Amino acid sequence: MTTTQRPDGRELDELRPVTIERGWSEQAEGSALISFGRTRVLCTASFTPGVPRWLTGQGKGWVTAEYAMLPRATNERGSRESVKGKIGGRTHEISRLIGRSLRAVVDMKALGENTIVLDCDVLQADGGTRTAAITGAYVALVDSIAWARGAGHVRPKSEVLSDSVAAISVGIVDGRAVLDLPYVEDVKAGTDMNVVVTGSGDFIEVQGTAEGRPFDRAELDRLLDLALIGTTRLTELQREALTGAE
Amino acid sequence: MTTTQRPDGRELDELRPVTIERGWSEQAEGSALISFGRTRVLCTASFTPGVPRWLTGQGKGWVTAEYAMLPRATNERGSRESVKGKIGGRTHEISRLIGRSLRAVVDMKALGENTIVLDCDVLQADGGTRTAAITGAYVALVDSIAWARGAGHVRPKSEVLSDSVAAISVGIVDGRAVLDLPYVEDVKAGTDMNVVVTGSGDFIEVQGTAEGRPFDRAELDRLLDLALIGTTRLTELQREALTGAE
Amino acid sequence: MTTTQRPDGRELDELRPVTIERGWSEQAEGSALISFGRTRVLCTASFTPGVPRWLTGQGKGWVTAEYAMLPRATNERGSRESVKGKIGGRTHEISRLIGRSLRAVVDMKALGENTIVLDCDVLQADGGTRTAAITGAYVALVDSIAWARGAGHVRPKSEVLSDSVAAISVGIVDGRAVLDLPYVEDVKAGTDMNVVVTGSGDFIEVQGTAEGRPFDRAELDRLLDLALIGTTRLTELQREALTGAE
Amino acid sequence: MTTTQRPDGRELDELRPVTIERGWSEQAEGSALISFGRTRVLCTASFTPGVPRWLTGQGKGWVTAEYAMLPRATNERGSRESVKGKIGGRTHEISRLIGRSLRAVVDMKALGENTIVLDCDVLQADGGTRTAAITGAYVALVDSIAWARGAGHVRPKSEVLSDSVAAISVGIVDGRAVLDLPYVEDVKAGTDMNVVVTGSGDFIEVQGTAEGRPFDRAELDRLLDLALIGTTRLTELQREALTGAE
Amino acid sequence: MTTTQRPDGRELDELRPVTIERGWSEQAEGSALISFGRTRVLCTASFTPGVPRWLTGQGKGWVTAEYAMLPRATNERGSRESVKGKIGGRTHEISRLIGRSLRAVVDMKALGENTIVLDCDVLQADGGTRTAAITGAYVALVDSIAWARGAGHVRPKSEVLSDSVAAISVGIVDGRAVLDLPYVEDVKAGTDMNVVVTGSGDFIEVQGTAEGRPFDRAELDRLLDLALIGTTRLTELQREALTGAE
Amino acid sequence: MTTTQRPDGRELDELRPVTIERGWSEQAEGSALISFGRTRVLCTASFTPGVPRWLTGQGKGWVTAEYAMLPRATNERGSRESVKGKIGGRTHEISRLIGRSLRAVVDMKALGENTIVLDCDVLQADGGTRTAAITGAYVALVDSIAWARGAGHVRPKSEVLSDSVAAISVGIVDGRAVLDLPYVEDVKAGTDMNVVVTGSGDFIEVQGTAEGRPFDRAELDRLLDLALIGTTRLTELQREALTGAE
């Protein structure tokens, strides 16, 4: 029925075309160039033996993330945060979210005293950059751990990862709950929610915001259902990307 | 039953003692010194005619917030962000959350071309500072709008506020869902959630994070139930504070 | 004679009502919420064993201070220095003054290799914030040393403090020398002087500035006389606050 | 003869494989993803009507450039300049070089009061990033001017560009002058030179530095000969990229 | 009597050799290279028509000052404040003192809507840099006003300057009050005082600090006597410098 | 022939009057106040035993440079970089150039684990500040090494310096190649080149930029010839300055 169609012709519960170009970087220990439609994020995982000073000697590792956007990733050029000399609130917030989300599936004891930094640089932005970043960063993370195992930095049979992790945005646009919002829907959304989910379907993070009208319990439930449809599909795509030869 | 008791003897669904000292500041257009147990936040609302340049001429107002903590609000002294020369990610994130939460109940057209800045300075911290800040900032906001109406900056009968707003933290501690976590429970929480709710019981913001084990749908539902118990009680306390003579 | 009266009805040599709420903070080792009329400053003393690296191994302690103002302490909201990313000249200058004033009565050898940081945060400002800060910081300092003695960080019978310290502003307003200027007098003062005095009546700091017409030797002498009247009274109030049970 | 061969088997006067992916960005007015071997730089040209305030009303346009490197572009991860809060000397220097190089072929009167910002972000680095950036930025610049002409911001027949511009590195490695140095040769180079040349073979910029032993006039001449071989070839490749349909 | 002699053989009330090289800069509207012994400060006065925005339209001028030290002005090299990215408290404090001191003798109405910036850069430091800066800045200020009068920016007969201004340090060293302390005496001083005085002998600023033992009223009086001896002599030297042809 | 004359009457291949006041600073281990016409740069060399952490234990020394300009060195006052809180691109670039140029003649092994910082502060600017800085810094460097040898920090017979170094600007002004450009010629130059040359006539750095029309090979050759005339003369002047008693 045409009335249910979205600007790009998708169904309400349909993801945009997703591609994961694993091993895009020839420098990083793990990497993925992920795209959710026109949104493209380059995720690299940098593995280094050792941990920050405040963690030394506890036998535990550290995983952190930094998110950034190229100035012309968006339709209008923004200023570089390096030029402004400080990082904006949004950048900080998303970097922290990505770090927390990935740490939720890492067993720091099994990782040992090693550090992994996930850099998620948005090359082109069209909504959903943080969810694409989390989903791509997981793929880069897996490969960096495999690399570290090969290089003898991580014990052979240790289970560093307890699960996989993927993320998607959902929202209420024109009164309808929709999955994976591009920019054009994002600006119209009354409620906007980012959901981070494990491969087994549990929640790591639920962040819902009423941009317009506050939302009720029923709407919240519908959005969560939709998110789980999206992350289930993303989990499959991650698995496919990771089982192909790098 | 003693096993259900919490460190401070509260029931699972019981708030800490809450006090709201309305009009604490003799300088600001609206203010409240709010305490959730030992957490104390000074909230001021600064009203100024006019809006930032990017908003001029649209007939709409602007509400924003800044959150900060005194260096010795906590058990160990932290560095001042002014001395470090930059604001940390956590501060940015909470400032943005407070601003969004209050804007959700403000009709910017009715506010007219005026700006309200909500400053939430944590004088003493013991968990739940952001939720106390939102709850107190609402009281300050109400008074600043009343002041503006008295001073003729806002039209007499305009409905600037569409609802009230309050916030509370909930979490899963030792496997049990609990309301309004002090610091000692916060550090042990497996899941931590901050919920911002209108006076009529709709959601403005839901932010749940698995600090430890990911949480399932049933746990999420229990936490939301608990949050609504808390915000209903806070809404009453706000009403009481606001109906007393300032 | 009514013509000599000041805006708030005080005598020329009369302090504003002073209150010292000792132990306001439940987190700091020492604290005082001091008010000089509408000026209210929260002073905390944070005691930590050890000294900065450049002082290590000399058997001496360190005392330093940081002064700041909440953005809406004043009648018009100012920008946060943390947001501007740098500390202004006035803030620096006052922080340095407070630190010097308190160090003047501390025997660093007796303190041992320990550090005390005095945070003076102005919650509400109506003139005289730096003098209230010094006077309150002394009370917080005393309690932090008592705490440290109890905790075994400072030797039982050592005399860490050689004297007490208090401070007051004086100035020439409408040709008359007056004591303890509120904002309304401060802006009109031709000469403005801050004087820091020990409990035994010696000077630690004398800072006089001609805001308007330069001042002569006789005027300087009258201002110093007045300042000593004020600090003598403040010394008594500090003693009373400190002899009550905390 | 095997002794003359370089680490990657190239001749002394041979470029690495060069690819120019024109129109890589769906957001920018002009763009190119250029690679010199493993070095990959994303160049975007952002066109905006109007000029900075200091240039207003003179009937002239402005072209500027910003260069940056992703943190994991290199073999070891570097800190982000946005996180450090300032831009390093090398970044500043290269940004200025790119801007000057492109401005040398732009007729600012013909551009009119419009601004073009060239962003050159190094996605992967293996030597020669600044020369790849200049060469790719020229392609992006051409397309942004074509776009502006189409959009009516630039007069139909005006000659905005007086020539094309390309750049290459040359150096003395193990006593031999070589063209287009990858990282492994760059670190061993006794002399390192970057040369920016117009399509007609004139110099825009010559920057030669003795990293080890100072160089004599004969060596300088050999390096310049080699550079012109390289830029002549790059000029052809730019032309091919620009004559294909975007 | 030899016991009263100081390290450099001076009498207690004797200045170091003072030289004032007026018009040292060929660029500034007024300038002086002043030396108090080995302390050398380059003072320039930059005159520009117009005032900062916050002062526009009030018919008044503005005078401000910036003080700085070259990194190797002192015996051990210090870091550059430009490299550290922020200005230290001491620099701020002295800049503010110089500005206040000079403004005290300027009639802002007579200056008209013009701005004078006094830059005081310490080329070599050996104690007393702030007092040399004030004394030299006055000479530069006089010449910049003469220049402005010549260029028609200031009305012909207006009295822009109400008096001259000079400054000197005094202190208590080994129990004796001494005038104009070099570094070697400064570090030993129990009390350190900087006094800014008009040509007619009134005080603009009195800043006395007990570095060691607090000082009593009698000591304060002796220091002020000594300071006036010094500033009287500096006033003569300024007059001589200014009456010679530039 | 009068037509070849320049604004200040010099021949095309003639330097401005050069003076080198060796040992200007009484604090630094080596120093020179150098002037090229009205351009005056104070160069100090600060010698400290030890090297930065990243170089420790390799038996090698470190030489670095910092360039800066006083705010009123130029015809119009510029802002202080310390006040702006960051160093501009030009400053960074010149500091790096000076450091590289001096390091090119230093044998780091012979220097041993010692650090020399060259500070080049422009007191007055009239074109050619970076070349004057390099030429003067060499003199300061020589004296600091002599000082270090005397103080026993450098082995008696080690050859720390392999050659001398001097620098000069050349350019094409009104179609003619000229030597040592003052500001008035610099702004008109079509091509601007800075050349750093050793005492034996080899190149350390060649930086040529087409400010206007790109330049051809023949022009480049003429500029290099001219530069060598200049640096040969500067090398003699350095030798004279260094052979006189300091």
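We just call them A, B, C, D, E and F in the order they show up, numbering each chain from 1.
The working rule: contacts are C-beta pairs under 8 Å (C-beta built on N, C-alpha and C of every residue); 3 or more make two chains touch, one makes a residue touch a chain.
Listed by chain with UniProt protein names: A, B, C, D, E, F = Ribonuclease PH.
Because the structure is predicted, anything quoted here is derived from the model rather than measured.
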Required minimum of steps from subunit A (Ribonuclease PH) to subunit E (Ribonuclease PH), each step between chains that touch: 3
Joint neighbours of subunit F (Ribonuclease PH) and subunit C (Ribonuclease PH), given as chain labels: E
Relative to subunit C (Ribonuclease PH), chain with the most remote C-alpha centre: D
Chain centre separation in whole Å, for subunit F (Ribonuclease PH) relative to subunit E (Ribonuclease PH) (CA means): 33
Separation of subunit C (Ribonuclease PH) from subunit E (Ribonuclease PH), taking each centre as the mean of its C-alpha atoms, in whole Å: 28
Contacts with two or more other chains, residues of subunit C (Ribonuclease PH) listed in rising order: 85-87
Starting from subunit A (Ribonuclease PH), with subunit B (Ribonuclease PH) taken as the next chain, the full ring order: A, B, C, E, F, D
Touch list for subunit F (Ribonuclease PH) against partner subunit D (Ribonuclease PH), complex: 86-90, 92-93, 95-96, 100, 104, 163, 193, 198, 201-210, 213-217, 220, 224
Touch list for subunit B (Ribonuclease PH) against partner subunit C (Ribonuclease PH), complex: 25-28, 31, 38, 42, 44, 46, 48, 66, 68, 70-75, 77, 80-87, 91, 117, 119, 121, 123-125
